[in-house]
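For reference, the structures are reproduced in the following blocks.
What follows is subunit A paired twice: with subunit B in the first complex and subunit C in the second.
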Partner chain A sequence: MARIKTSFAFTFAMLSFVLLICFFINISLGSVQIPLDAILEILSGSSAPSTWKIIVLDFRLPKAITAILVGSSLGVSGLLMQTLFRNPLAGPFVLGISSGASLGVALVILGSGLFGGTLALAFVSKWSIVIASSLGSFLVLLAVLVVSQRVRDTMAILIIGLMFGSVTAAIVSVMSYFSSAEQLQQYVFWGFGSLSNLAWDGVGILSVIIIIGLILAIASIKSLNSLLLGDAYAKSLGLNLKQSRLIIIIATSLLAGGVTAFAGPIAFIGLAIPHLTRQIFKTTNHKLLLPAVCIFGAVVMLICDSIAQVPTTDYTLPINAITALIGAPVVIWLLTRQRKMIF
Partner chain B sequence: MTPSPNEHTVLHTKNLSIGYTHKNSDLVVASQINIGLKKGELIGLVGANGSGKSTLIRTLIKIQPALKGDIFLNKTRLSHLSNLELAKNLSIVLTAPLISKNLSVTELIALGRQPYTNWIGRLNENDKKAILDALDLVKITHLRHKKCYELSDGQLQKVMIARALAQDTEIIVLDEPTTHLDMYHKAYILKLLQQLTKETQKTILFSSHEIDLAIQLCNSMLVIKDQNVIHGDPCELIQKNIFQSLFPDDLITFDNASGKFMISK
Partner chain C sequence: MYIKRLILFCLVLCSACKDRVESSLSTSNTESLILKYAKGFSVDYYDDYKVIHILQPWQGASKEFSYILISEEELAKTSFPKNTYDGIIINPLDRIVVTSTTHLPALELLEETKALVGFPGTDYISSNTIRQAIAAGNVRDLGQNESLNTEVLIELNPDVIVGFGVDEVNKAFSTAEKAGIPVIYNGDWVESSPLAKAEWLKLFGVLLNKEKQADSIFKRIEKNYIDAMQLAQQTKHSPTILSGAMHNDVWYLPKGSSTEAQLLKDAHTSYIWENTKGEGSLALSYETVLDKAKSADIWLNPSIFSSYTSLKDANQLYTNFEAFASKNIFTIANTKGETGGVLYYELGISRPDLVLKDIIKIAHPNLLPDYNFVFFKPLQQ
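After this line comes the complex of A and B, so read on.
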């Protein structure tokens, strides 16, 4: 047993080290080249004010921190969903949670035009998008859960999740038909996903939401582990099923909804990170998986963001496209090589 | 017929009706069930397919509500117990296949300690000892580092029994623990259950289709027939010709002398 523990500790140490390296690489890359020693100097606060200092402290640092927050929380929300629904295909996107968030945001951005014209667009604040997105994802998740109580078949639950996605997409289409080009553009850009929209105040709000979500997730570790055996066993182990489910759902909607509100619907991470982490750690024990998914999600998101800004050019590609382009082949390769999905 | 509950009784029912509630009417599977399970007994529950074995088990472990009547666990009404209190008194082994087979044997058995661990599930010395004892009782200590997907059906069943033992409850209820097993392992698992009742003084109730094995090993048996539950010790049940009428007699008949079912000639 002791041997196993030290090997986990070693993997954790390695992963944290990789996270640190990715963090510095991410900060040193961008359209303006800044040498690493200058960055270290700026981060330690010992440099004189300069353009470099503004770029690093006001743009790159909040973006890197956003990447870490987004990667960790999407990974964790995927893990929670996969265990709760006992389905390796579950994730914030497949179950329609992100489409719920999209609907909420669409109602705020596009719907504002329906009622108050362009004047109302000015009132579309960061907070209203966050609230709309979190509320949207929470409601869709709740709906999926209510339906899942009636149908026992998990495949049916996934299909129902996809149907919720289609319905919200249809409502968004109808609303875009009646919206102005300006509003549409704002919504479409939100849909691309972006880590660089957040200034320090946004990072602060997002951190608070995610920390609450993570605390709820950590508090659910014990119930998540017993849910691995199925509902009947979990109940026989003394678990209050209704309460634990609700906590897990609230945690997921805070994590996925919060991220989607600030950074747009970012594909792939929520589904894939838990699988990749299980492949590395070869366990389904949430006490290990939860922190591992957190760190690993952050690492992958930092790497995707570094690629998305296309180093040494002025281009920044939509992060949503990069996560899927880089990630999907990795998952396919891993699963065909291992021939077995660990769940 | 029905002995009144005494100090040795750990679980008893009073005029219990089991079944399913539909919109307008109840579908009664069995009614007027009055049984008392005693400490340290191995009890086999038998009956034809669809006779209501699983329904009775699910009702006794509080997964499904009773239609009428009461179930008492040490003289406390089952419905008055919280999930956690019940978890400290009754553990289960179900037929449904494991969902996540990527847990190690030790991790899986450790889940049995959940009713006693703190908010994050930290195992103290007491818990670790309970896990080692459970491994030892079922004689699977050599499997402790294996992953569940590496195990055969027979080994996995032993691990699930060890998990229930680690939960340290007075009663263990098993739903068809011998399905999917070969003849040797069927006998092995039931013999193991008998040993456990002797060594640990736990009350073990299991449902099974292995009527002849159950007759040889059980202290008492529950037979579900025509919406009735008959409780008695195996010899008594044989003398009353209970098993004779369990199945239609066109194909198999029960031979009282050998205690086995035979193909009708």
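After this line comes the complex of A and C, so read on.
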């Protein structure tokens, strides 16, 4: 037992070290080539004001922290959903949380075209997008849960989630049809996902939301472990099923909704990270999984962002494309290598 | 034997048809329309009809389109094999549908706005004359975003639709063509210089039998443009220019050979990316743009942002540019018609002389002291 614990400690130490390395690599790579000693000087705060200083402190640093926040919280929300629904295919996207967020954002960005007579071109404020997105994701998740109380089959719940996604997608496309090109453009670009849209104030607020979500998730570790054994068994262990479900849902909607609100619908991370982590740690104990998913999600997100920046070129790629492009083959490779899914 | 005879009969019939065309329509090409800049279309004049060739309806088009513009009497006298022309347009035209706001100034300059019967998305229209026509119910709205309402279109039954497309696939257009409404593709946007785009005014001159007016109006625009350009070259100072803004993580700016960049050059300014090749847009990262343009003197068209506050709200990173601090940002987004259409997107292509003067006024205010901005305005607080 003691040996297992130390080996976990070793893995955690390794992961944290990798996270630190990735964080530093992420900050030192970008379109503009800044030498390593200049970056160290800027980070230590001893350099004179310059374009490089702005790039590192106001652009790369908040972006790297956003990547960590996004990776961790999407990973955790995926883990929560997979356990709550006892379905390995679950994740914020599969159950329509992100569709809900898109609907909220679409109502804000495109809504004026539908409800207003003239072409409203005002740039929608960042905060109204955040609020709309969070509300949308919370309502859709709640709706899925209410319906899921009536059906026992987990596959049915999954399909119900997909149906909610289809309905919101349909409403969004009707709204798109009646929107101006500029509104549509704004909405489409939101869908690409972005890590650099947040300045320091945005990073601050996102951190607060995510920390609350993570605290709720940590508080649910015990109930999550019981839920793995099935509702009936969890009840017999004295778990207040309704209450713990609600807490898990609030945690997920804070984590996934918050991230989607600030960074757009980032694909894939929420589904893949819990699987990758389970494969590495070979456990289903949430006491270990939760922090591991947190760190691992952050690492993957930092790597994806470094790739999306296409270092040394003038171009950047949408983060949303990179996460799935890099992530999906890794999951396939891991599953075929292990030949057995740990869930 | 019977079949052979039938085939022979058909052949004779066909050649007879052909002969008839040649005999009744004169084929002697009397002259062609003179175009100084535009390369995307040409017009040939015959005794009784005109033939319009659209050579470049869209970027990389593999085929050209030909249209015959002919009076009803002449058409009755003749017939020609199917597929000779992509459309037969009956001259004169009384009822026109255009599909882009950039087509509207031509109608207004040629004083033919009364011919306009339909337009997709009338809210985009800024022109006062046409807004009055819309208010009077003379212009039907044909739907939104280029997905034309086919039923209304066919009910309107215009003499011609002036369309545009990025390729040949447009269901509404092909339905209209099946219903006998010719669709002529306007390729002004493909042209590679501001004056070439403006010269498409002459296409409307041909369609509306107002070639002379179109020619003299275009000459005036051309002269204004060249005069303004020469005026700008007199100054020594050439301020540096940054353009565009970010959509999420990507900063879009016009490439060095685009018409936007040409206008900046003609206004005697130094556009920071003037040496990049190609038309269309560059998609750059924030880092690159900041590195090169932090100290740019002037910042033009930060996307759809209308004020310094909205720019700062959208992304704090914008405040790092010196043009932001010195309040030297100008935009076309704040000059709108009464229903919200941006004037530049309607009039900008037809009046490059005014666009150029706007930019000169921004870059060298002393050169045009009495000139008032048409499209550009300083960003609001």
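Keep in mind that, in the parts below, the second predicted complex is superposed on the first by the 332 of 343 C-alpha atoms of A that agree within 3 Å, B and C clash if a C-alpha of one lies under 4 Å from a C-alpha of the other, contacts with A are read in each partner's own complex, and residues count from 1 in each chain.
Criterion: contacts are C-beta pairs under 8 Å (C-beta built on N, C-alpha and C of every residue); 3 or more make two chains touch, one makes a residue touch a chain.
What you see is a predicted model; the values in this text were computed from it and never measured.
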item: Partner chain in contact with A:R86 - subunit B first, subunit C second, else both or neither; value: first
item: Subunit B versus subunit C as contact partner of A:A48, first or second or both or neither; value: neither
item: Contacts of A:K287 with subunit B and subunit C, given as first, second, both or neither; value: first
item: Which of subunit B and subunit C A:S226 touches, first, second, both or neither; value: first
item: Which of subunit B and subunit C A:S236 touches, first, second, both or neither; value: first
item: Touched partner set for A:V146, first subunit B, second subunit C, both or neither; value: neither
item: Subunit B versus subunit C as contact partner of A:R278, first or second or both or neither; value: first
item: Subunit C versus subunit B, contacts on subunit A by residue; value: C
item: First (subunit B), second (subunit C), both or neither touched by A:F189; value: second
item: Shared subunit A surface residues [contacts with subunit B and with subunit C]; value: none
item: For the subunit B and subunit A complex, residues of the former touching the latter; value: 61, 63, 82-88, 90-92, 94, 96, 98-100, 102-104, 106-108, 111-112, 114-115, 117, 119-121, 145, 167
item: In the complex with subunit A, residue positions of subunit C that touch it; value: 123-124, 144-145, 147, 247-250, 282-288, 290-291, 294, 304-306, 310, 313-317, 320, 333, 336, 339-342
item: Parts of subunit A lying in touch with subunit C, wherever the complex brings them together; value: 30-32, 51, 54-55, 58-60, 117-123, 125-126, 177-179, 181-182, 184-186, 189-190, 192-197, 199-201, 264, 308-309, 314-316, 318-319
item: Complex contact set, residues of subunit A against subunit B; value: 1, 4, 86, 218-219, 221-222, 225-226, 228-230, 232-233, 235-240, 278, 282-285, 287, 342-343
